[in-house]
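When the chains are written out, they are named A, B, C and D in that same order, and each has its own residue count from 1.
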Amino acid sequence: MSMDTVLFWFLSLIVIVPALAVVLLSNPVYSALSLVMTMVGVAAVFATLNAYFLAGVQLIVYTGAVMVLFVMVLMLFDLKHDLQTFSRGKVSGFLKIAGVGVMAGLLVGAISLATKKPSLIVEGSPLANELAAAAASGADNTKILAENLFLRNMLGFEILGVLLLVIAVGTVALSRSKGGTHARD
Amino acid sequence: MQEISLLLAVGLNHYLILSAILFTIGLSGVLLRRNLIVVMMSIELMLNAVNISFVAFSKYNYNPEGQVIVFFVMTIAAAEAAVGLAIIVSIFKRFKEVNIRFFEHLKG
Amino acid sequence: MPLGGMIFITIFIAVFGTALIFLARAIGGLAKRTSAAKMEIYECGIKETEKKDSKISVNFYLTAILFILFDIEIIYMYPWALNFKDFLKDGTGALVFTSMISFMVLFIFGLWWAVKSKALEWEK
Amino acid sequence: MGNSSLEIIINLAKTVVVFLMMVQAVPILVWLERRGSAFIQNRFGPNRVGPLGLVQLLADAAKFLNKEDFVPDKGNRLLFYAAPVFALIPAAVAYMAMPMSTPLKIGDSTFLIQGYEVNVGIVFILGISAMAVYTMLMAGFGSSSKFSLMGAMRASAQVISYELALGLAIVGVIMMYGTFNLTDMVLAQQGAFHFSGFGREFSLSFLPNWGIFYQPLGAVIFFAAAFAESNRLPFDLAEGEAELVAGFHTEYGGFKMLMFFIGEYGHMMIASGLMTTFYFGGYGIPGWTIAEVYQTGVSIFGSETGGSIFSSVMHFLSYNVKFAIFLWIFIHVRWTLPRFRYDQLMDLGWKTMLPWALFNTILTATVIFLASQYVI
């Protein structure tokens, strides 16, 4: 057993067990904290895949920002245990079965597709050789990521900037809005 | 012999299966849970599962585009969480309730 | 990345901290229930009142939402800053510089809007 | 992690040693803080137990151990106990990545004087120390007290607000050194002040090549934001005694309280270490390059191992002197400045420091851009 193998199995445990806890625990605060654990595990999985910068971004964005917002909102509401955690009835029973079916289907599909090993390697694709070299030496490949992001995907980057601006404006407006048709009081 | 090599030689398949399991857990969370916030968290789980497979493909196919896409997905996911939670909070302020069963009122 | 070391030290600290808490509990013992008031939460000596409706200001989560959006914009600057000198050497510097400046203009506009719409105002 | 199993064991033991060093530094800092505050306020401070009151903290620890273990009835027991344990983790795991000296070469083996080296050091430290917010939220929610919850909300909103200014101040540093790796940054700050641009070379032989001379505004913003990050006065709104009793640790006492303190001092140490590494040359000694120190060691001890040990020890001392100066500034500021009001605090973070940090970034980028394009 090499170090990487042990790490992979340990990390998949770290990822999957809290993920199950997110779905199964009835207290939403515990769910949120389990999700934080999953996010940290996913960051570690990124690190085993040589995506060091993305692992850091996962930590900063997900555990440091998004999940803080989730936990803050949960504490703002002060929800205890959900009265009715899971959905009931015939329709939702069907949904449960369908969910398990999709799970099985995805697993089988993934395994069968992957074992065929289609050649997805783009021969001579730009930066591929650099990435291969970086992967072999275990060095930081953020510079390759940056070159790709800012030279080849500049339009997407600018559009995301606009999107973030629109969302900042929208959320402020949304949380400031008053009135509406369904107000109870 | 087959089982032992499956355990020892970690490759692309392993990461894909991990991603598939995580995605399915997230999907069942969306389908089964009734708390809106937990539903949102399950969506985050699904997005993370997709990210794992992107990064795995990026590593094993030597293609940096995968990592850039993950970067974009993270941005979109965070933006989605921000908007979603803003909506949930304004719903909660009005109805004092975050159970989806309750939102049948919002019909028509 | 030395993931093994990180996982090791995290587990070590968790075990260490738990052991310390149990040690303190073993030496000091559990709190003796001499009266019901002792086990209540502290509210300056007044009898505790159940909080049904939390009175926490909405501004807290509004701050958190704005934080997420601006934080991501800052994260985008990291790989750009890392590679900026290399871009300049490659001759693509002007293009990348302009694109980031326009991105920053969007950032400044968002910040200006958040300030102007009084989303960041706190009661004095 | 290393090649042989012996190296792996030594590297793992090293992380434990760094962690214990951090924990051991806390009593000394608390003593320094109490004596320092007494000195500033013209009092005595702890001076009864042991020489100069140095053993006071051991006595305090023994007293903490004897306190009875209190959990409020209404509280959430799991979160209440988990919060102090979790308070130790982010600070320690992040501090491990700080380079404290030159690597120690003994025979064929090389040992880094740090817990472990992370090649994306800055991003790693920022990401891990951002997780400290959960400690406060867990403690605030676990005690289910109004004061705790209010304190936790305030503290977390404050920490995340200042994280923006902190993260943006670092962009200028990354741009200058072109790396995320902390060791590479320290090596880039060796020698005398020099930089090339506008088609010529600038150098000043009497100044060290430290980041502070390139990024003065960034350094100021970084340091102020670091104060807010570690919840120290003048930014300790989370535990403003006048309004919130003690903030998120209102319900805590005894040893659990002490663990929160270790976490808080850990964040102070990270801030000081980062300040040293980014802006003050890390472990480098001004006017004495690493190679020269190594040669001096070789000439004194007559062997390469001796030179390596000498270099490690000297640089470790240099790092710790700078580190201690910043820790003292933390303590001194705490006892000289009054506390902000909450709206002033948020205004300072969002409306003053964030725009200035942005200005710093744009200025740095523009200067670097112009320096590479034009000749004076």
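We take it that contacts are C-beta pairs under 8 Å (C-beta built on N, C-alpha and C of every residue); 3 or more make two chains touch, one makes a residue touch a chain.
Everything numeric in this text was worked out from a predicted model, so none of it was measured.
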Touching chain A and also chain D, the following chains: C
Chain occupying the middle, per Cα centroid: C
Centre distance in Å when chain B and chain D are each reduced to the mean of their C-alpha atoms: 34
Between chain A and chain B, centroid-to-centroid distance (C-alpha), Å: 5
Interchain centroid distance [CA atoms averaged], chain C/chain D, Å: 17
Whole-Å gap separating chain B and chain C, where each centre is the average of the chain's CA atoms: 21
Chain A residues counted as touching two or more neighbouring chains: 3, 52-53, 55, 57-58, 60-61, 64-66, 68-69, 72-73, 75-77, 142, 145, 147, 149, 160, 164, 167, 171, 175
Per-residue overlap in chain C, given as positions that touch at least 2 other chains: 1, 4, 6, 51, 54, 56, 58, 60-61, 64-65, 67-72, 75, 78, 82-83, 86, 100, 107, 114
Where chain D touches two or more other chains at once, by residue number: 1, 118-120, 123, 149, 153, 156, 160, 163, 167, 180
All touching chain pairs, where touch follows the definition stated at the start: A-B, A-C, A-D, B-C, C-D
Interfacial residue positions of chain A with respect to chain B in the complex: 1-2, 4-5, 8-9, 12, 15-16, 19-20, 22-23, 28, 31-32, 35, 38-39, 42, 45-46, 49-51, 53-54, 57-58, 61-62, 65-66, 69-70, 73-74, 76-77, 79, 82-87, 92, 95-96, 98-100, 102-103, 106-107, 109-111, 113-115, 120-122, 125, 127-129, 131-132, 135, 141, 144-145, 147-149, 152-153, 156, 160, 163-164, 167, 170-171, 174-175, 177, 180, 182-184
Interfacial residue positions of chain B with respect to chain A in the complex: 7-10, 12-29, 31-35, 37-38, 40-42, 44-45, 48, 51-52, 55-59, 61-65, 67-68, 70-72, 74-79, 81-83, 85-90, 92, 94-95, 98-99, 101, 105-106
Interface residues, chain C side, partner chain B - complex: 58, 61, 65, 68-69, 72
Residue numbers on chain D that touch chain C, as the complex places them: 1, 8, 11-12, 15-16, 19, 64-75, 81, 84-85, 88-89, 92-93, 96, 115-120, 123, 143-150, 153-154, 156-157, 160-161, 163-164, 167-168, 171-172, 174-175, 178-180, 245, 250-251, 254-256, 259, 341-343, 346-347, 350-351, 354-355, 358, 361-362, 365, 368-369, 372-373
Touching residues on chain C, where the partner in the complex is chain A: 1, 3-4, 6-7, 51, 54, 56, 58, 60-62, 64-73, 75-76, 78-80, 82-83, 86-87, 92, 95-96, 99-100, 102-103, 106-107, 109-110, 113-114, 117, 119
